[in-house]
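Chain lettering (A, B, C and D) follows the sequence in which the chains are written, and residue indices restart at 1 in each chain.
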Amino acid sequence: MFRLGMLTSGGDCQALNAAMRGVVKTLCEKRDDVEIYGFQDGYKGLIYSNFKMLTAKDFSGILTMGGTILGTSRQPFKLMRVPDENGLDKVEAMKHTYHKLNLDCLVILGGNGTHKSANMLREEGLNVVTLPKTIDNDLWGTDMTFGFQSAVDIATDTIDRIHTTATSHSRVFIVEVMGHKVGWVTLHAGIAGGADIILLPEIPYDIDVIAEAINKRGKAGKHFTIIAVAEGAISKEDAKLSKKDLKAKKAKEKYPSVAYELAEKVQKKTDQEVRITVPGHTQRGGSPCAYDRVLATRLGAAAAEAILDSDFGNMLGVKNNKIVRIPLEEVAGKLKYVDPESEIVHEAKLAGISFGDE
Amino acid sequence: MFRLGMLTSGGDCQALNAAMRGVVKTLCEKRDDVEIYGFQDGYKGLIYSNFKMLTAKDFSGILTMGGTILGTSRQPFKLMRVPDENGLDKVEAMKHTYHKLNLDCLVILGGNGTHKSANMLREEGLNVVTLPKTIDNDLWGTDMTFGFQSAVDIATDTIDRIHTTATSHSRVFIVEVMGHKVGWVTLHAGIAGGADIILLPEIPYDIDVIAEAINKRGKAGKHFTIIAVAEGAISKEDAKLSKKDLKAKKAKEKYPSVAYELAEKVQKKTDQEVRITVPGHTQRGGSPCAYDRVLATRLGAAAAEAILDSDFGNMLGVKNNKIVRIPLEEVAGKLKYVDPESEIVHEAKLAGISFGDE
Amino acid sequence: MFRLGMLTSGGDCQALNAAMRGVVKTLCEKRDDVEIYGFQDGYKGLIYSNFKMLTAKDFSGILTMGGTILGTSRQPFKLMRVPDENGLDKVEAMKHTYHKLNLDCLVILGGNGTHKSANMLREEGLNVVTLPKTIDNDLWGTDMTFGFQSAVDIATDTIDRIHTTATSHSRVFIVEVMGHKVGWVTLHAGIAGGADIILLPEIPYDIDVIAEAINKRGKAGKHFTIIAVAEGAISKEDAKLSKKDLKAKKAKEKYPSVAYELAEKVQKKTDQEVRITVPGHTQRGGSPCAYDRVLATRLGAAAAEAILDSDFGNMLGVKNNKIVRIPLEEVAGKLKYVDPESEIVHEAKLAGISFGDE
Amino acid sequence: MFRLGMLTSGGDCQALNAAMRGVVKTLCEKRDDVEIYGFQDGYKGLIYSNFKMLTAKDFSGILTMGGTILGTSRQPFKLMRVPDENGLDKVEAMKHTYHKLNLDCLVILGGNGTHKSANMLREEGLNVVTLPKTIDNDLWGTDMTFGFQSAVDIATDTIDRIHTTATSHSRVFIVEVMGHKVGWVTLHAGIAGGADIILLPEIPYDIDVIAEAINKRGKAGKHFTIIAVAEGAISKEDAKLSKKDLKAKKAKEKYPSVAYELAEKVQKKTDQEVRITVPGHTQRGGSPCAYDRVLATRLGAAAAEAILDSDFGNMLGVKNNKIVRIPLEEVAGKLKYVDPESEIVHEAKLAGISFGDE
């Protein structure tokens, strides 16, 4: 008997179900003695031993479904060692569940925070294999995460729709794209949607540079401008502040989100009408795109293969188009940022896109 | 020689180009002496005699294009008789342009405000034919306007995407749908997207009824709730205020939009996490859906037929699946609201949707 | 206890699940003693007493799903009275199942053939309520069936994609749209997709008229032509043949489908390269469009209301935007054809579309 | 003055316009003395000196448009040295046009055949830079071509729609995907769409293996099977025939396409109903997906950079996520096939997909 535990943690995204299906289909092709324990709502299910017994059939027909059939929740890493309201040590509770159920392995799907906890469970001696899920594409150790391309598609579709309105009216449109710490979705959707200005957390902006780019367009007879801005985009002045001072400043300004702050600044500097669109959570919803389904299926199959090899403690990722196993200790706690000097940013600038920095 | 003037006014929406194409293709099939004057940016182009000479070719290939090739702008009816900054009387200026160019007819595409101005031009003796454009579907005299079904599709897609996230997390999601005065898009997208609660300007809500509906779902094991709310949705208390008092109250509260106000109230009453999504201008952008293209093409062809009949002063509309000509004086200044007692609201309630009213 | 039987019959289409959800949600809102028997694979399930017991929960989350959770099959009306391979009389078997299970009512979702059988069951004394499902929109007694608008969307999308290729190459493109007996989908998708020529079963074509339309476009500098042809489109000569002679002719010619026949004729007459696209079954697959979801939900709720009223023997349909109950004996055995003299055909011709007839 | 010639050749595909826009935007950002000669309908325009003078404005707003604003045609490489009907040597004619117009460089966008001709022009001394356009993804020297991912999206959408019908009926569905020589689109769309069997030109199939896979599904309670088959898929027996014998056999059998041949074989072997869907040219039409827009924009910008560097004779491609310049002599005349032993095929097999070979 092979006892497989599985959980999805953090914000949901596209292709979680596709990836789990890949794991289960592969395992059940190779062995007919697999027992699957699906923990509910992320680590919470492991902590409180809340699970469903599943079979291969439960993973049939879910390739195209958004969300996760296991449910998910956020369990911040820094609270993992903090006892719960009943004094329960969460890490010990997870280990207890694992051993009580006599699990052979735990497959964990998640993003950055999830991987820190997964690495801790590995250190505690559990057999862990992980899969890189996040629309943000910010996981260290893999070129690509599933969810990312689907999110890019949705954000691009938003910019496309705004484009038709923009060309009919003369205005500045701001589309706020998901990404608090990294700008991958904004960068790709901005290029794909034909945004004129792209603002990323990794490249602090100067409002005067933005205003100049808008005015330059006006002089060239283009009376609208589309700005794709990541949730975490930051001005050059704010980038110089300490974390604490920045937090205090934001608390005082009370903008609902960065788009509102930017809109106010642009309006002041250019005297143009500004409109805001925030696609928000739609970016992580709906059926995964073909790209993500292929990636998730491949990673899922490769995870099962690693399990069959009894090779634990890795995240499955992709490097130069090859599926690779990356040690969890290399992945945990590191973020993959957009490099301001990277080729793609360079090419985008060549093609006339302003990043508000120069 | 037949001289046709054409303009699009108000917010842009889907199928404006499709409708103009229908007019021009039909006219140019029947007569080969048509001269087309495309006024730029709505009534503004007529006021300041800013136009492009167009041919049938310019209307080829635009069936599927969002926006309007003529550009558009909002020219509030109540400012029409107010002289511009140079003292120019706008109505006289429009008449002047019309007569100077020796136009035989003016085709005007627009929504509610646009029709008030169009009717005024008719009263001033111009030959006017209009087409009902608005995502709001609030034009009196027609069962359906083009743009509406496309907007419903987009708002529904938004709710669909939110659904996959909602089922993976346990939360209340609020989707704010366009419609300041009327709730047509919210009503249809809410039903189509499977919203649990639909809030419309026409049916003032009671926050306690909403909280009860959410709690009832929780008791039935459904730990998420989706609320589709129209921009102009209003509480029962606010509905009792005078216009002036309401405006003052809103100014004081400073919510970015209704969704934020509702979110705060729901959070207080139910202690659930609430998330907001505002698709905003995307609802009026992008390629029109098949339904709108058929409707716009039919209305455009019918408008051309009316012109060939020298039958002016009407809006083309649809009544019980028939294309009809409705006198502008009947249309102007009236809104078509969702009737709280209507069949569709009744059926939606039957199927378990709460409108927050009872 | 209220015992509800339900089945879906004939080819699958979009919004079957949405309609069943509407029925069940409404019934279960009003009564808490409903028992649901879901017969498998259409009438077959009723004949062989093959069913699943379902609850309201089984109908949760299926609003957006294509296909039918009950499965479906074709059971031709004319074979209903023909005993099966074991000598079983199918009609008696269906009555037996109905009475054995002590059903209070049977909800049947289907198209034209399905309604003939449903009417027969009514005549045999069963309480039957039906819902109009078909992409063909050919059911008598209702302005609209669910599935139709979704199919139009898909066929239109196909024409849209062909358009971009067509404008890049100089060719004739034939898109074959579903519809053996009626041309509704082809008519609407043809107009929506900007087809230059539309060929319907109801309007026999003359190949010389088609060739002339293509050549006329060439002279006007348009080097591609898009033809939307219904599966059952027919030439004027073939339309004159007896059913038997026509069948013999078709059997001899052996074209895979009408598009291949037409392609050969067009190529001969115009010496242009011709390409064929047959979207086929995709037209009945995938998630229903917003329009169909609203329609299906409304009809489902109205069907439940009729059941609660103990008003049986009707199909729920829509007439002039009102939901109505139409006696099954009026519906059964009649088809709703495209009228060649109708307003929509007239308007399409005005806008320059050729129907190959004149 | 910098004189840039540009042409698109071969079948059209998505993102041709996006790539040309990338080239032009970049060049015109860096130099303001660029003259653009857009040759019409591929090499034909260069041969017969048929071109349009274009400006940066002509490339504005085309990022999202399918097809190519320059038109395209197929000009087989092997006929390039064959004089035309007036005795004109085509290669000399192209050189003549190039020198007569005093071009500084020629940007050529195309697939495999196009690159052979482009390399010949390079050998003849012209400054050539090329971009890898093809939905087939079969160009040697680049990991990815633009058009590919968009085609995968469309083919996947087709399989998705068929899936809902397949689960409602019990049948075998065959979806024929583009790819005469290589199976990239079929492989990716097959995995993404959840096909049960994938048949590629690179992996000859055994009909008995296919029948067994279908029957195995039946025994596991899955009564439908979806087969994704590339246009050029071939049986093991046919793969053994000489080219000439195979051609003769195909001519005799007269199947409209491979799907019809396969359908007949499957029906015979399994006694199951079989349905065919051929999305055909839709796979190369419509707006490019976000992935292709980003790729095309990057490659376009990089091509302009190569031009500014006066570095000619290369195709721009992508290798391990880096944009690279690959000498045309390395690219010309070679195809990039799916390796039957590759990682992705291995993973697909792990996840239970049959390739009909074992």
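Just so we're on the same page, a residue touches a chain if its C-beta (ideal position, glycine included) is under 8 Å from a C-beta of that chain, and two chains touch if they have at least 3 such contacts.
All values reported here derive from a predicted model rather than from experimental measurement.
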item	value
Chain whose Cα centroid lies at the greatest distance from that of subunit D	B
Distance from subunit D to subunit B - Cα centre to Cα centre, in angstrom	42
Whole-Å separation of chain centres (CA-atom averages), subunit A against subunit B	35
Rounded Å distance, subunit B centre to subunit C centre (Cα mean)	31
Multi-partner residues of subunit C (each touching 2 or more other chains)	160, 163, 167
Contact graph of the chains (line, ring, star, complete, other)	ring
Contact footprint of subunit A on subunit B as seen in their complex	8, 11-12, 41, 65-68, 71-73, 154, 157-158, 160-165, 167-170, 173, 256, 260, 275-282, 284-286
Partner subunit A, residues of subunit D touching it in the complex	22, 25-26, 29-30, 60-61, 63-64, 143, 149, 152-153, 156, 160, 163, 167, 188-189, 191-194, 222, 287, 289-291, 293-294, 297-298, 300-302, 304-305, 320-323, 343-344, 347-348, 350-352
